Amino acid sequence: MLKVYKVSLKGYASDLDIGASKAKQILWFLTNVLFFKNPFIVISSLKGYLLKAFGAKVGKGLVMKPSVNIKYPWKLELGDYCWIGEKVWIDNLAPVIIGNNVCISQGAMLLCGNHDFTKSTFDLLVKPITLEDGVWIGAKSMVCPGVLCATHSILTVQSVATRNLSAYTIYQGNPALAVKKRIVVY
Amino acid sequence: MLKVYKVSLKGYASDLDIGASKAKQILWFLTNVLFFKNPFIVISSLKGYLLKAFGAKVGKGLVMKPSVNIKYPWKLELGDYCWIGEKVWIDNLAPVIIGNNVCISQGAMLLCGNHDFTKSTFDLLVKPITLEDGVWIGAKSMVCPGVLCATHSILTVQSVATRNLSAYTIYQGNPALAVKKRIVVY
Amino acid sequence: MLKVYKVSLKGYASDLDIGASKAKQILWFLTNVLFFKNPFIVISSLKGYLLKAFGAKVGKGLVMKPSVNIKYPWKLELGDYCWIGEKVWIDNLAPVIIGNNVCISQGAMLLCGNHDFTKSTFDLLVKPITLEDGVWIGAKSMVCPGVLCATHSILTVQSVATRNLSAYTIYQGNPALAVKKRIVVY
């Protein structure tokens, strides 16, 4: 018979490669609260400038609404003409790579962190997320660690992408399933 | 064979009729952050007063908790004895019409905006939402653009109403499906 | 034929036993906004100290991230080595009892309040929530009133636990259904 093990968080230690000095992490933490999470700050160009100063790649024409939460800008790439809605949460413990003309609607979350729930040590697992050109992540929806949303895929409102999304396809539910093709007529 | 078109957000221009001067929009933006989104402000009567000053119709007995987010009060109608829970988000790019004795629980969202994902121009589409008398929108649930929630319908916790809800009926899931009738016994 | 009754929130009065003086409630309301909801406050030990000062039981090794929202600390018990993620919302109108080595991930909610939707008076109903040792409540997921999550159960990302979760079992969806066993191999 299988022995039943128990989780212990007492000795937990993450070996995550954060990719920035402690000083840079603290400075970004403050910048994130003061300029990104802050509900008053509406100027997208300022946010693009700050993201680049902290190591993000940011394309032209960024639109970023207030109350956005970004974990590590040095692990973020944004293509041209991306829209990041109000209260979007990019929890990028691992790289998040976003193409051109991508829309992430209000309240959506990109989640890169997981735990190995088969180990009593509950080890941190992180995986990158990729959103290719023309993807639309719907309001309050969720993209899980390691997911690739192929070009022009759509994740509908409050749905949860647990697996890769196919190009030009619309997904709904938790877990999100393909419900129809996306045809762009002109 | 069908030509595959791509979305371009470069030349995007919304033709939304906001319904207020730029000055009024800015004043409301500040009022929303300072008095509605603000987690300290608990006085419902003050919020009712401010909403009416910005053009909302507000009935008697409003209860509105802190950290609420309202897009355009001049597109909002609230009946008598409505409850708006903590962190409710009324994203009313289009009119939101709420009847009497309606309860919108904490963290719920009314979403009026959509995009035409069949066009490379990704045009904004907005549709009104109506909640009739006695409706209950559950915690962290979502009402999608154009949805009518008929009298005394219920949307359960964290569910997503993508279509109209029938009177005295309870809906659950994403998309929300009817699960049973609501019988009010006395 | 059944008479159709309507909800009336006009005369609504909760008979909830809050379990604290009005002064204590107000003091906690301010403490919650200033030290728990506040996105700047990262020091878990300070939060543990404050929770205990307001009547919570708090074990060793608490990790509590910023922007957490707790309703009534005097109705909260936290075991040893618990993690409470960013933006977790413990809406404990009734007692919330959390064991050892429990992880509540970012954006998750424990909801103790409900309403009797079969009565025109819409009476408040509250029920306790219990999370036993080793439970993992996933990001943006929801535990409903009265639910017991048995030891080492997992509620996956953005799922909704409407019924008790069995030990060492993984649940997904809205409502959350058992999808597989959790085997902890060492």
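Which chain is which? They are A, B and C, in the order written, and residues in each are numbered from 1.
In the analysis below, contacts are C-beta pairs under 8 Å (C-beta built on N, C-alpha and C of every residue); 3 or more make two chains touch, one makes a residue touch a chain.
None of the values given here were measured: they were computed from a predicted structure.
Between the two copies, subunit A and subunit B, the Cα superposition rotates by 120°, quoted to the nearest 5.
At the interface between subunit B and subunit C, under half of the residue numbers appear on both sides, which makes the contact a different-residue one. Centre-to-centre separation between subunit B and subunit C, using Cα means, comes to 25 Å. Residue positions 158, 174 of subunit B are each in touch with at least two other chains. The part of subunit C that touches subunit B in the complex is made up of residues 2, 4-10, 12, 29, 33, 37, 89, 91, 109, 111, 115, 117-120, 122, 142, 144, 158, 160, 162, 174-175.
Contact residues of subunit C toward subunit A in the complex are 39-40, 42, 61, 80-83, 101, 103, 106-107, 133-134, 136, 139-140, 151-152, 154, 157-159, 168, 170, 172-174, 182-186.
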